[in-house]
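Several structures are given next for inspection.
There are two complexes below, and they share chain A, which is joined by chain B in the first and by chain C in the second.
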Partner chain A sequence: MGILIYGFINSAILALLAMGFNLTFGISGVANFAYGAIYVFTGFLVWILINSFALGYWISVLISLCLAFLVGVFIFYAVIRRIKGMALSEVIATFGVGIAGMELFRYFGFIGSKYGLPPIFGGNVSIGHVTVDLQRIMIGVMAVLLTLFVYLFTRHTKIGLAFRAIAQDERTALTFGINSDKTVALSMGFGSALGAASAILILPLGNITVEGGYDVLLNALAVCIVGGLGSSVGIMVASGLIGYAQTATAFFLETHWMMLVSLIAIAMILTVKPSGLFSQQKELEERV
Partner chain B sequence: MLEVRNLMVFFENALALNDFSMEVAKRELIGILGPNSAGKTTLMNAISGLLVDIRIKEMRRGGERISMYGSIDYEGKDITWTDPSERVKRGIVLCRERHPVFKESSVMENLKIAGYLMPRSHIKKTLEYGLELFPNLKRLRHKKAGFMSGGEQQMLAILMGIVANPKLFLLDEPLLGLSPMIQKMVMDTVLRLRSDLSLTILITEQFARPVLPVIDRGYVIENGILTVKGTGPELMENPEVKAAYLGS
Partner chain C sequence: MEAKKPQLRKERIDRGIKVRADDIFALNSWREVIYLVGPRAIPVVGLLVLGPFLSAYSREILISTASYALLAISWDYMMMAGLASLGQSLLFGIGAYFTGILNHYFHLPWFITIPIATLTGSAFVSLLLTPVLRLRGVYFSMITLVLPLMFMRLIEATRILGGTEGLTGLDSFPNEWVSYYLIMFALLLALFGFRRLGDSDYGLIIRAIKDDDRSVMNAGLNVYWYKAQALFLGGCVGCFVGAFSTHYDMFCGMPGFALDYSIMPIACTLLGGMGSFAGALIGAFILVPLAEVLRAFGALRIVFYGGFLAFSIVALPEGLFHYLSRKYHQIERWVEVR
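And now, the complex of A and B:
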């Protein structure tokens, strides 16, 4: 029973982590390797706003989400725009920006385990014989809600429809007046804001550390690669698979083996089906 | 309404359009005829502004060098280097070659995307008119565009163009790959739209037979060079055109 519930929550965590990375990639084909840095940046930013500026929790969260959005947009205009379409350069450039951003925090003394975010609701609930804290319940709920939000947003708003258009055919989108630079920049912004939201939800379970950023990127990559980059159904299935595999590993072996599961999953899928589980369906399935 | 003057387009050192000039008056239906790789799409992309965007993106990637000389005027203003979305706002709408629909989206979603720059009320009104005109699309409106036949996709592509509210409607080889019967249906629809919406239309085609009888004037290009121009009947009587495009 415990493994079922914690496995589900772990899957929800992975889905949240991968969501933003996947959104940006699905729309623009840009693999944003600064994603982990944005996650860490959000964590420290909320911490600073609450602890150094004595702002309230919700206002700090709001400011951080907006700033994460702007950082995503900025990375597009400053770094990606000039090299768009050259996948390797994109990866190297965004990874470089990410490392610089994260190591800057380390340089300024953000090390050790004294940084943490408060949970949205404190307290526990019992499901059967298993006690779960409310923050983990929130994570499960928000993973579902955000998935739903992204689905509705991309189908019922002008920007969302522009996302779907650019994802499928950039030139044809242009013939209807959809500006590709602006739309791709927005997709970077939305992806980053989703990454920030996942940080705000997940970080209360542990500490904010620079190393955490690398794990986040690795987990997001694992989910996206196993699921098939850009496929939203793939994300759900892959988070479930890896999520339960990790939880089982933690239950029966040791916690620090969990990260290895992601690596093994990447290695396995790359040898068996390099394009990911749901890549065929992607051809005629939604990519957003 | 539209005036293209001495347009030259190079892809690296290859000349795709050579000193091409043409003018289009309001409400005219103009045909651009030419075999494969004559430069028809290049011309359409230059007028719609797609070429400006393609050029910028190639430049950023350090890819192909695209150069353009000459000028394009629209409603009295120079638009040679205006970006494509601004041109759509001013009423220049291109329907690209090879049924340009968003294949993973439903028919309705395609139409909503096409109305990106339009207020909801306009989209709604145009769809009421358009879906009446294409009862097939109305029936298929929840179907994924990629699963429809070529003819249905072409009809959808044309209706998408209409949703974007064109004054000057550019149709790049709308008959490509369609059966003669569907080709006739597409041409009838184009004529109907033209009279209902007072459109000015520029249509390209490789085979003259379906379009020559209905156009006001036409330009024939080969290897990027204008070879013959004239009114529809003049072109139909021209021996060269007859031999090359009407197969007689």
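And now, the complex of A and C:
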């Protein structure tokens, strides 16, 4: 029972982490390696707003989400737009930006256990014999809600439809008057905002650390590679698989081994089906 | 009527010494021989002769510069085949641990451990990455970024090979000149060897794989086999650096998989210019001493590398070496457009 519930929550965490990365990649083909940096940035930003500026929780969250969105858009216009289409350059440049961002926090001394975010609701509930804190329940609920939101957003709003058009065929989308630069910038922004949202939800479970940023990137990559980059269904299935596998590993072995599960999952999926479980990319064209 | 401003364009003319290709020259005088040999002699003479005249501290920096330059050359070679690795630290770490194991558990001397670790380490990495070789571009980068971090976790979790402490008290080189000349000869060998290889027919295939792998397949060549070879060759260089550093520092441990060894070589190569190997060398000789100066700033160093990476890929896509070699080999002048 414990494994079932905590496994579900772990899957929800992974899905939340991967969602933003996947949104950006699925739409624009930009692998945003600065994703972990945005996650850490949001965590510290909320902490600073609450503790140094004495703002309310919800206001801080709102400001951080908006700022994360702007950072995403800024990275696009400052860096990616100039090298768009050269996948390797994009990866190296965003990786550089991400590292610079994360290590800057380390330089300014944001290390230690005092950096933690408050949970949205305190307290515990019991499901059967298992006690779960409300924050973890919130994560589960929010993961479902955000997935639903992204689904509806990409199908029933003008921007969302533009996203899907760019994802399917950029040139045809251009002929319909969709500004591809603007749309990709927005997708970077939304991806970053989703990453920020996941940071706000997940970080109360532990401390905000710079290393956490690298872990987030690794987890997001693992889920996306296993699920197939650019596929929403794949993300859900893959986060379910890896999430339960990790929880079971932590339960039967040790927590140290949890990260290795993702490695083994990646290695297995790459040997068996390199395009991922539910990839929308054409296998020959994009990957091999 | 206002006089029309003459429009100018820049005309570039190859120097007469060049016959047709980049590597064929017609030599008529000693001056031209010097013109050709000069730039090539600078690294050879500089690296081999300079050593004894430097202080021990500068020599240490020179050795660490050479190590990064080798890693950068190995990154450049893998990049030539279209393998964009974000994890040169994987090569470094594997080379270091293989040497550490051979020296710590089997008590082999350095002149046996280094060659063995170089070859087996590289073979191990190539085997490890074989399933990923089919992936192009971004996907390969992702895996190479993940792997060294995973190895760190693995060692941390299983506490094998000394765990977080690493293997300490390993043999060092008999004297500092052995270490100095070993790394310098390796650097020169890698530099000129890879440059030579890049100009050969074999190098043409390797470069073609990056530009258009499907046309290489059309030519009836097995792309994956060539990629595996490129990975092995580049891996040898990376693993050698790991093996060398293990004996030099008398230590191998988890820092071998640190991000430093992944980012720095890329930054060096991008600054110096990709695909020329000499660019990697120039970049290393600018960035590593600079990093040494910045060491006082602690974590800011990595901020600097990261920012530099993004900056150089956006603002200096060509790199220093290509710029310099153009200036050296060509006469430029402004001519009026008629």
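Heads up, the rule we're going with is that the second predicted complex is superposed on the first by the 279 of 288 C-alpha atoms of A that agree within 3 Å, B and C clash if a C-alpha of one lies under 4 Å from a C-alpha of the other, contacts with A are read in each partner's own complex, and residues count from 1 in each chain.
Note that in this section a contact is a pair of C-beta atoms (placed from the backbone, for glycine too) under 8 Å apart; a residue touches a chain by one contact, two chains touch by 3 or more.
Just so you know, these numbers come straight off a predicted model, no measurement behind them.
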Exercise for the section: State whether chain B and chain C clash or fit side by side on chain A once the two structures are superposed. Expected result: fit
Practice task
Could you say whether A:Lys158 touches chain B, chain C, both of them, or neither, answering first, second, both or neither?
Solution key: first
Practice task
Could you look at A:Arg136 and tell me whether it touches chain B, chain C, both or neither (first, second, both, neither)?
Solution key: neither
Exercise for the section: Identify the partner contact of A:Leu88: answer first if only chain B is touched, second if only chain C is, both if each is, neither if none is. Expected result: second
Exercise for the section: Please work out whether A:Leu218 is in contact with chain B alone, chain C alone, both, or neither, and reply first, second, both or neither. Expected result: second
Practice task
Would you sort A:Leu174 into first (chain B), second (chain C), both or neither based on which partner it touches?
Solution key: first
Problem - Dominant contact partner of chain A by residue count, chain C or chain B - result: C
Completion exercise
In whole Å, chain B and chain C in the superposition are separated at their closest C-alpha atoms by 9
Practice task
Please identify the positions on chain A that touch both chain B and chain C, taking each partner from its own complex.
Solution key: 82-83, 286-287
Exercise for the section: Quick one: which bits of chain A touch chain B in the complex? Just the residue numbers, please. Expected result: 81-86, 155, 158, 161-162, 164-165, 168-169, 171-180, 283-287
Practice task
Using the touch definition up top, name the residues of chain C that touch chain A in the complex.
Solution key: 79, 84, 86, 131-132, 134-139, 141-143, 145-147, 149-150, 153-154, 156-157, 259, 263, 266-267, 270, 297-300, 302-311, 313-314, 317
Handout entry: chain B residues within the chain A interface of the complex
Key = 48, 50, 53-54, 57, 60-61, 83-85, 88-89, 93-96, 100-105, 109, 112-117, 144, 146-147, 160-161, 164
Fill in the blank from the handout: Residue set of chain A touching chain C in the complex reads 31, 33, 79, 82-83, 87-101, 103-104, 106-107, 214, 217-218, 221-222, 225, 254, 256-257, 259-260, 262-263, 266-267, 270-271, 274, 286-288
